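In the two assemblies presented below, chain A is common to both, partnered first by chain B and then by chain C.
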Partner chain A sequence: MMEPLGWGGILARAAVQFLPVWIALAAVFAVSIRFRRRLGLYGKLFDSGIGMAGFAIVMFWVFTALFAGWIITHDPLAQLSGMRNVAPGTPLASAEGLYPVYLFGGDSLARDVFSRMVVGAQRVLAIAPAATLFAFMMGITLGVPAGYFSGRLDTGLTFLANLVLAFPVILLFYLLVTPEIRATGIPTALAAILFLFPILFLTILWNSRFFTNPRKRSIYIGVTLAVGLWAYSGLAFNADPLGVFAMDPNLLNVFVAVVFVNAPTVFRIVRGLTLDIKTRDYVAAAQTRGEGPWYIMLWEILPNARGPLIVDFCLRIGYTTILLGTLGFFGLGVSPESPDWGSTINDGRRLLTIAPHPAVVPALALMSLVLGLNLLADGLREESLKD
Partner chain B sequence: MTAWDPSHPLLEIEHLSISFFTRLREIPAVMDFSCSVMAGEAMGLVGESGCGKSTVALAVMRDLGRTGRITGGAVRFKGRDLATMPDEELRRIRGREIAMIYQEPMASLNPAMKIGAQLAEVPMIHEGLAKAEAWARAREIVADVRLPDPDRILGAYPHQLSGGQQQRIVIAMALMSKPALLILDEPTTALDVTVEASIVDLVKALGEKHGTSMLFISHNLGLVLEVCDRICVMYSGEAVETGAIGDVFDRMRHPYTQALFRSIPLPGADKTTRPLVAIPGNFPLPHERPRGCNFGPRCDHFAAGNCDAADVPMFAVAGDDRHETRCLRSTEIDWAAPAKAARQAQRARVGEVVLRMEDLRKYYEVSASRLFGGGETRVVKANETISFEAREGETLAIVGESGCGKSTFAKVLMGLETATSGRILLYNQDIQDTPIEKRTTDTVSSVQMVFQNPFDTLNPSMTVGRQIIRALEIFGEGGTEEERRAKMLRLLDLVKLPREFAERMPRQLSGGQKQRVGIARAFAGGAKIVVADEPVSALDVSVQAAVTDLLMEIQRQNGTTLLFISHDLSIVRYLSDRVMVMYLGHVVELGTTDQVFSPPYHPYTEALLSAVPIPDTHVQKKRILLEGDIPSAMNPPPGCPFQTRCRWKAQVPGGQCEREVPPLVTLAPGHQIKCHLRRELLEGMEPVFTIAAE
Partner chain C sequence: MARFLARRLVTMVLTALCLTLGVFVLTNLQPNLVKLAKTEASARMTDAEVETWLARNGYARPALVRYGEWLGVLPGWTGADPDGRPRGRCIDRAPDPAAAPRFCGVLQGNWGFSTVFKSGVIDAIGRGLGATGWLMLWVMIVMVPSALVLGVLAGMREGSATDRSLSTVAIVTTATPEYVSGVVLIVALASSTAGLSPLLAEWGLISGRTLFLGTATSAMEKITFWNFTLPVTTIALYGMGYIARMTRASMTEVMREQYIRTARLKGVSFRQVVMRHALRNALIAPFTVIMLQFPWLLNGVVIVETLFNYKGFGWTLVQAAGNNDIELLLGCSVVAVVVVLVTQLISDVGYVYLNPRIRVS
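Showing the complex of A and B:
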């Protein structure tokens, strides 16, 4: 049996475990800095210290999630006897074939905190960006027309958005995940609506662009509809005939809730940007050559709103991450065993005075990811305002 | 403070160099710039955008931002170096002795504060004046800048005033502290011509009254001629010529100055008597400046081995007072030689009538208060009874200031709006009620538009080639992708852009190049009628000539009808066959270019002509200043639209002008005027321009 490790030893061993991440980070940075002059806004990010720091933190967690299988030292669900609430760096009692030490200690069920944190990153990074993306699809698909057409449509949609925004978020979550409400089928119905937007968005996008070339249009729209509807049947109704796309009903609820509360804010941002951009001459030029409104909205206006939207996207992933953490913390919508950061913090909370590490480690992870996303957004904003 | 002797320059800039530092490199913005302004003198600083003229002004204010730094030379105000002065003292001088007026008046006004309070604040802070005294001073100065009803103005918020009034307030604010030096950075660029003329007149009068020295920055040579005593021409970060106004205008000694003068149209001349000569090539980017003379690559007198050997210093011009030029060959060049004759442009053959408007009206309804909508609605009469016809191959200029209805007119013609009443006939086909979605591709592609702002006319996130190809796709040109690509490249040839530009993004193009792409896009579907909405007004003068020529050349080749919307009468005179003058939605005068530019005039045309600044010392202008601003189209005056500002109104008996809209009177074949004035009076009008015999 080996000696308990000191902090230096713990960190050194953790660093070794993260080796794949370091290699990947180094590669990405080397390539990006080498070619940054040709990479547009992404390349300019490497001119800003803040942006680079943010990007590094975010990419650290992205790679951690990707290489989680190599990084973890133990099965995140395995409970090893004698390891309950042990301090960081405690060696295993009998380390046959196993990694000899719990790097960040053990939790109240004697599971490895380090491995749970790594796998938690996987969970968080799978849900947060995807949910944010869906929120953006919805916000954009409704926000651009609201800004472009103005009038009744705008008034109606803005009213709806404000209505959702005025509703307390946590209460909304509670409602969406309570079994009684779930039994009414409201979350599924909402999911059915929300998941329709990306398909709608892409179909309109291709149609407005390629209607002058029917063959190309048919191919693009055909592929979009086939893949989209297939995924749709699986994700929204859990009825994928091939069983590739499926979503845990718990997760579906969380997903729907997150999209639902984020979309109105995105809607408002997009609407404001559209109101500004639609007065530009190139929009007038498109109108005078007889372009349809959807082409103008999606190909003339939207691409030029991308700067602020990308910045908001980063911030919003951070916000969603916290939201997911909060949900997990309240034990909402995720299975009790789940290693996601929010639930882990909640689990560790009860024994905070005896063994703080099970709660502190995921809390720090969560914090650093959100910090990274914010720094990244700041860097992007700063660089996109230049020149 | 040490006493300063007024016989020395008030502001003295010596060998000033300014650079901006970015992460990548140092960008020299101004090099070896010297000039001096004596007490009471007005110095004009002219040059194209990016030549560094505004940077000089900012350096005087020591307001170069975080990245700008003075890298050499000195700026002395009353003999003291501003660059090394402590901040405390600098702040005092900035508010009290040097004042600056910017292009955008709202940038200098606090939108949440009443005008009176903003004005009174200045002497209260700087001189510790009591409140009552400060307000009295504010009132006095508001009257001084010729604003009507000072008490109402003092109690108003900035947004309640028009652009011209705001700019007057900014001038008033600058004058509150009785500065010794006033820096004006393009103070009238955002304003209409007639308003500009009255502001310029005001600035000049105030300068004389208070003995204020001025540094007047402008790209408009005509304005500088009207306001300034001395001029300094800048090119690519350097002063290239400086001297007294008369010397530089009549005996220029630098090829750039001469080229600049030759590239701007004068309202006394048209394309046959004085063809425009564009300056070849492009303005060098700061980090791509050539060795030796910066103007070398574009100079007609360039001598290899001499001009590109070393940096060129300033040389004094013999015989003139403080007249200097940065040209090595100024004594060798034959300055009187006429410009190399550009290809004589014949006018296009004018053919059939292609477009006819009859009694077109466009009214908008706006609800007076949005909150309680549905109540009172007001009608904005954007266009009133417009009738005219345009023929194939003809250029019809539509002239007017903001609010005259020219953009509404364009919108109705393009089909973005439908007419309230009247007819638009395109090849004898009624289109007034057909919005653009319902028009056939043919109709849409035959009426196209070139837009005003080059920085806005192209979609910033699409390559140049894609944008043109998209227009081709929409107009159904070319069957396959390859054909369209080939056609796009031919269009680039047509507008004289290199074919590589197809892959570029709009931000990599200069303003003039973007405007060329805009023209190529408009002609993608073989347009028969092109509405050009101020296509060159946002471009630098040396580029304007080239783009104008290009438009006319394409017009000649294709027999296109050009509707040229502009407020710049010089360029209108230069290129148009007929002119239509609009004011508040009415056509007030319509005739051939010669008819409109010589008496009898409509009273508004007369004032408009007189407001145009002319960069030619030989042209004598009759000064006609219009009172007040253009009335709002929401609330037009009864009777004649121009009656609130007309100086001839008294000549019409019985107050008829205030009661009845005058009829359109035909004075000569093809020349119509909307005015009650009797024919003898109209015919007795004097010409606005007289050319002094040399």
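Showing the complex of A and C:
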């Protein structure tokens, strides 16, 4: 049996576990810095210290999620006897065939905090960016027409958006993410509506661009519809004939709630940007040229609104991460043994004064990811303003 | 101005109606009612018994009608027990069944009965709001001045070292949700085994075992520096960063204005320029932001009250939602929605009032 590790030993061993991440980070940075002049806005990110720091933190967690299988030291659900609430660096009592030490200690059910943190990153990064993307699809598909056409459509949609925004988020979660509501099928119905927007968006996007070239249009729209509806049937209704796309009902409920909360804010941002951009000369030129309204909206206005939208996208992933943590913190929509950061913080807080590490480790992980995203957004904003 | 106010008020009432209807429908979904029947009567009821219980207690009618009754615009339902005793929404609550009013909803001041606290919804919410009021008051006292000072100092000289470091502080605080900062603060300052407290106790700098208290339950009776610092700091930190960034943005914009340059060229000292010329204009935008922060603070309140076990409004909301206490949850959402809408109105009106360049017409 080995001695308990000191902090130096713990950090050294953790650094070794993260080896795949370091290699991947080094590779990404080397390639990106080498070719940064040819990579547009992404390349410019490497001119700003803040942006680079943020990007490094974000990519650290992305690679951690990708290589989680290699990084973890124990099964995140395995409970080893005698390891309850043990301090970081405690060696296992009998370590046959197992990693000999709990790097960041054990939690109240004698599971490895380090491995749970790593797998938690996987959970967060699987949901947060996707949910944000869906919220953006919905916000854009509704926000651009609302800003462009104005009138009744705008009034109605703005009223609806304000309605959702006037709800305190936690109350909405308590109403929308419950086992009872899953029994009524409301999440599925909401998903059926929300998941339709990406397909709708892409179809309109291709159609407005290529309607003069029917062959190309048919191919693009055909592929979009085939893949989109296939994924749609699996994700929203869990009825994918091939069984590739599927979503756990709990997860679907959480996903839908998070998209639902985020979409109105995106809608307001997109609408505001559209109102601003539609007065520009190039829009007037396109109108004079006889372009259709959807072409102008999606191929003239939207590309010119991309700067603020990209920045907001980064910020919003961070915000979605916070929301997911909140859901976990209140135990909504997650199974009890789920390793996601919010529920681990919630589990750990009961014994905070005796064994702080089970709560502090995921808390710092969550904070660093959100901080990285915020720094990245700040760097992107600075660089895009320089143009 | 009067027309603007009237229009805003109409929208507000409409929004409040839509939202309460939404909450009503979501809390009164069939599975929730079944759960209610099982907790109120008996956990081992058959489906048929649940149906009869719901029918006898007036739940087996369209949600829209019952929403009207809850609101007090439709007469309350009436019926009778199997043994002939008259029952009904208003009759059950009145001391004398014969003299019961026809309407008894929120508009008549009848908010219903909380099944968790075994008291009237008004009492439960009132108690919570009182406690939360103190929390919010101290959060505001701590958060607003520090955020404004932070923002003004950072925005005074754009791009300086002060600006860089203060902006980073602001970013860090906005990246730290309450459940993270709360946990970290408790461990760092209120744990007898970790963080600062054991060190300080060893050196004899603090008399107790911890620097601050990790729960705020005792603050219900008496608020002290010892038991209230951590909850207030936790909420204030998260909101502070955002307000500080907004203040900074508005301050840098003002500092680039021509009249600031004129004042500087005229020979006014930098200090005077900031205090006299810049501040007033720079603080218009943050005012709106502070008001719009209220919905977010409400979130923070729910998390912090749960984390520190402080029995205020947020804690009441969590209890109501967690225990399927339908009428209390409805009451809580009405309060929450009204708070949000009123602060939005104040922020709009205040913006117009503070900024002479904007005229409502």
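As a working rule, the second predicted complex is superposed on the first by the 387 of 387 C-alpha atoms of A that agree within 3 Å, B and C clash if a C-alpha of one lies under 4 Å from a C-alpha of the other, contacts with A are read in each partner's own complex, and residues count from 1 in each chain.
What we mean here is this: a contact is a pair of C-beta atoms (placed from the backbone, for glycine too) under 8 Å apart; a residue touches a chain by one contact, two chains touch by 3 or more.
Remember, it's a predicted structure, so these values are computed and weren't measured experimentally.
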>> Just checking: does A:L103 make contact with chain B only, chain C only, both, or neither of them? Give me first, second, both or neither.
In response: neither
>> Can you tell me whether chain B or chain C touches more residues on chain A?
In response: C
>> Taking the superposition on A as described, I'd like to know which of chain B and chain C A:A285 touches: first, second, both or neither.
In response: first
> In the superposed arrangement, does A:L125 touch chain B (first), chain C (second), both or neither?
Replying inline: neither
> Counting only touches as set out at the top, which of chain B and chain C does A:N162 meet: first, second, both, neither?
Replying inline: second
> So, A:C314: does it touch chain B (first), chain C (second), both, or neither?
Replying inline: neither
>> For A:T212 in the superposed arrangement: first (chain B), second (chain C), both or neither?
In response: first
>> Show me the residue ranges of chain C that touch chain A in the complex, using the header's touch definition.
In response: 11, 15, 18-19, 22-23, 26-27, 29-32, 35, 168, 171-172, 174-177, 179-180, 183-184, 186-187, 190-195, 214, 295, 298-299, 302-303, 306-307, 317-318, 321-322, 324, 329, 332-333, 336-337, 340-341, 344
>> Considering only the defined contacts, which chain B positions touch chain A in the complex?
In response: 23, 414-416, 436-437, 439, 441, 444-445, 448-449, 451-453, 456-462, 471, 473-476, 518, 521, 525
> Inside the complex, what are the residues of chain A that reach chain B?
Replying inline: 47, 212-213, 280-282, 284-292, 299-300, 303-304, 306
>> List the residues on chain A that touch chain C in their complex, please.
In response: 50, 159, 162-163, 165-171, 174-176, 179-181, 183-184, 186, 318, 322, 325-326, 329-330, 342, 345-346, 348-349, 352-354, 356, 359-360, 363-364, 366-367, 370-371, 373-375, 378
